[in-house]
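The same subunit A turns up in both complexes below, where it pairs with subunit B and then with subunit C.
Moving on, here comes the complex of A and B:
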């Protein structure tokens, strides 16, 4: 469900391969994300460009995973969001919680600048 | 499934497999009935997130029975109803146990640095949900952020969002109104 496509000293770039993220796969999504954090101990740049449909269960899994990342002094950065998914994230103000960029390169630039 | 001039009735079997097709079916109907002089992009976005969460809620809470969706519209408003015969929403029982420092007909049901969600009792078994944005824009504690967003998403997307438990036939009705 989550594939690592690039790895740097401080980050990994991963892409989500599913098109629908809902309560049927949100637990697995969270488990894979937490496993990535444990294995690599790096900031995760999560490319969601394949996602066409999300629900509150997926957003809950994302927030829960972010809390875990922050507890490890890491982060989860979102890129490649469709407009309607970005609008949903803004609707419940999660854009105040997640760093969001249009492209992975934008996120990499910001991370490498820090 | 039954189509009328301005009303759609749709039976959902509460299965995850039917989720996307059910959403698309209802959105296609709405696309065909909303007036052309409205901001259809905004209306369809709101309908999409509302129906998505109502379907998710049905899968989680409606049990083995099916869930009935009906969608009605006139020139001024669109109403989406979800009816099932699962267990009543837990908030119905809470009404009689409201804390002394809160008005008897209004209760804060969840809050974090971003959002607050209130239940306002219209009557003994009828609740209107109200969401408010918290005023803190910069915060550092992600730990405080809630992880359950279904009711918040619907409440924020709707012009009115209510829940009613009908004792007579033991039905739960979520009703969402969107002004056109």
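Moving on, here comes the complex of A and C:
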């Protein structure tokens, strides 16, 4: 469900291969994301460009994984969000807790600058 | 079970001819079939799909049926999909190894294909019935304990009409919760939230949330603290400290009606912005506050707004199930589209009763989430 496509010293870039993220796959998504954080111990840049729909169970899994990342002093950065999903994230104020960029390269630039 | 009630099966066999025969037989019986030539391919398919049953060959190159089952059993969701082994082997040790791995059954390949199809059909039906029975039992237990996450009736508050509509996902009580708390003659509280996550698990957690909210409101009132933002912060702090709730997140809209001043104070925790219909101008305005999901961080950054409603003004608070819709077979969420629909209904002078009817009629048959909406109308 989550494929690593690039790895750097401080980060990994990964993409999510599902189009509909809901209750049926949110547990698996969270388990994979937690496992990536445990294995690599790096900031995860998550490319969500394939996603066309998310429900609250998926957003819950995403936020819960972010809490875990923060406890490890890491981060999860979101890129490639469709406009409607980005709008939903902003409406429920999750843009205050996730760093969001249009493209993975923008996120990499920001991470490398820090 | 898929929402459309078409049974879905994953068939895994390295023998292309046998796989073709199985696909033909299952398709003919109304199944939606996915076929894979190896366990590895099957795992890839299961990364994106959740069939109602898996029928897998026992002997396959690479990962065999037992190894395939061992892989699936590690996954919290995939382990519960009924799994049936298919093999020429009649070795009882191998059979018991398969059954030790909680495989549901074992079918010998010489079995006529129509018998295999009947066996799988019965198996899926039995699983479905067991699930329905469990749901019924929990419903009966909930009724016996008199615990509800959605009240039966709306409260009567001087100067306001309050009404609501709630539709549970597949009629299974889920993460949405509603509460009306009448503190005294002057103050009433309206609570709407959505516990994000597993439906049945979410349903149980809503009771903890409701207890915390009720306690925080009562303590606030005892201390003469009438701040909705303060109440949300108290609830959030308790939830963040509660280890049992550490992985549970929830949205919440909290409204306090002061019927002496005829005002409504609103705070939100990661909720969808409220909509305010202004009768005089005919405008439907989005009203949002700051404030993060309950359970996210110790400091939720909650703020509050006090709204003075004019006669015939209306407020609408709702959960995300209402902004979902389907377009050409694709599920989408669009807050602005829902706002536009509501705006159009209000411009047509529809009452909330009529709006409810409209929402029920246009409910997607593939509803994937709870839907809840509360309406406050200033008389």
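We adopt the following convention: the second predicted complex is superposed on the first by the 114 of 114 C-alpha atoms of A that agree within 3 Å, B and C clash if a C-alpha of one lies under 4 Å from a C-alpha of the other, contacts with A are read in each partner's own complex, and residues count from 1 in each chain.
Rule of thumb we're sticking to: a residue touches a chain if its C-beta (ideal position, glycine included) is under 8 Å from a C-beta of that chain, and two chains touch if they have at least 3 such contacts.
Note that the coordinates shown come from a computational prediction; the quantities given were computed from them, not determined experimentally.
By the touch criterion defined above, A:93 lies against subunit B and subunit C together after alignment on the C-alpha atoms of chain A.
Of the two partner chains, both subunit B and subunit C are touched by A:20. By the touch criterion defined above, A:28 lies against subunit C but remains apart from subunit B after alignment on the C-alpha atoms of chain A. When the two complexes are overlaid, the chain among subunit B and subunit C that reaches more residues of subunit A is C. In the superposed model, A:1 lies in contact with subunit C only, and not with subunit B. Of the two partner chains placed around the shared chain by superposition, subunit B and subunit C are both touched by A:55. By the touch criterion defined above, A:84 reaches both subunit B and subunit C. Shared contact residues of subunit A, touching subunit B in one structure and subunit C in the other: 20, 22-24, 53, 55-57, 59-60, 63-64, 67, 84, 87-88, 91-94, 96-97.
Those residues of subunit B that touch subunit A in the shared complex are 16, 19-20, 23, 45, 48-49, 52-53, 56, 59-60, 114-115, 133, 137-139, 142-143, 145-150, 152-153, 156-157. For subunit C in complex with subunit A, the touching residues are 47-48, 50, 75-77, 175, 194, 196-199, 247, 249, 251, 270-273, 288, 290-293, 296-297, 301, 319-320, 323-324, 330-336, 368-369.
Interface of subunit A with subunit B (complex): residues 20, 22-24, 53, 55-57, 59-60, 63-64, 66-67, 70, 84, 87-88, 91-94, 96-97.
Every residue of subunit A that touches subunit C in the complex is listed here, in rising order: 1, 17-18, 20, 22-28, 31, 52-57, 59-61, 63-64, 67, 84-85, 87-88, 91-94, 96-97.
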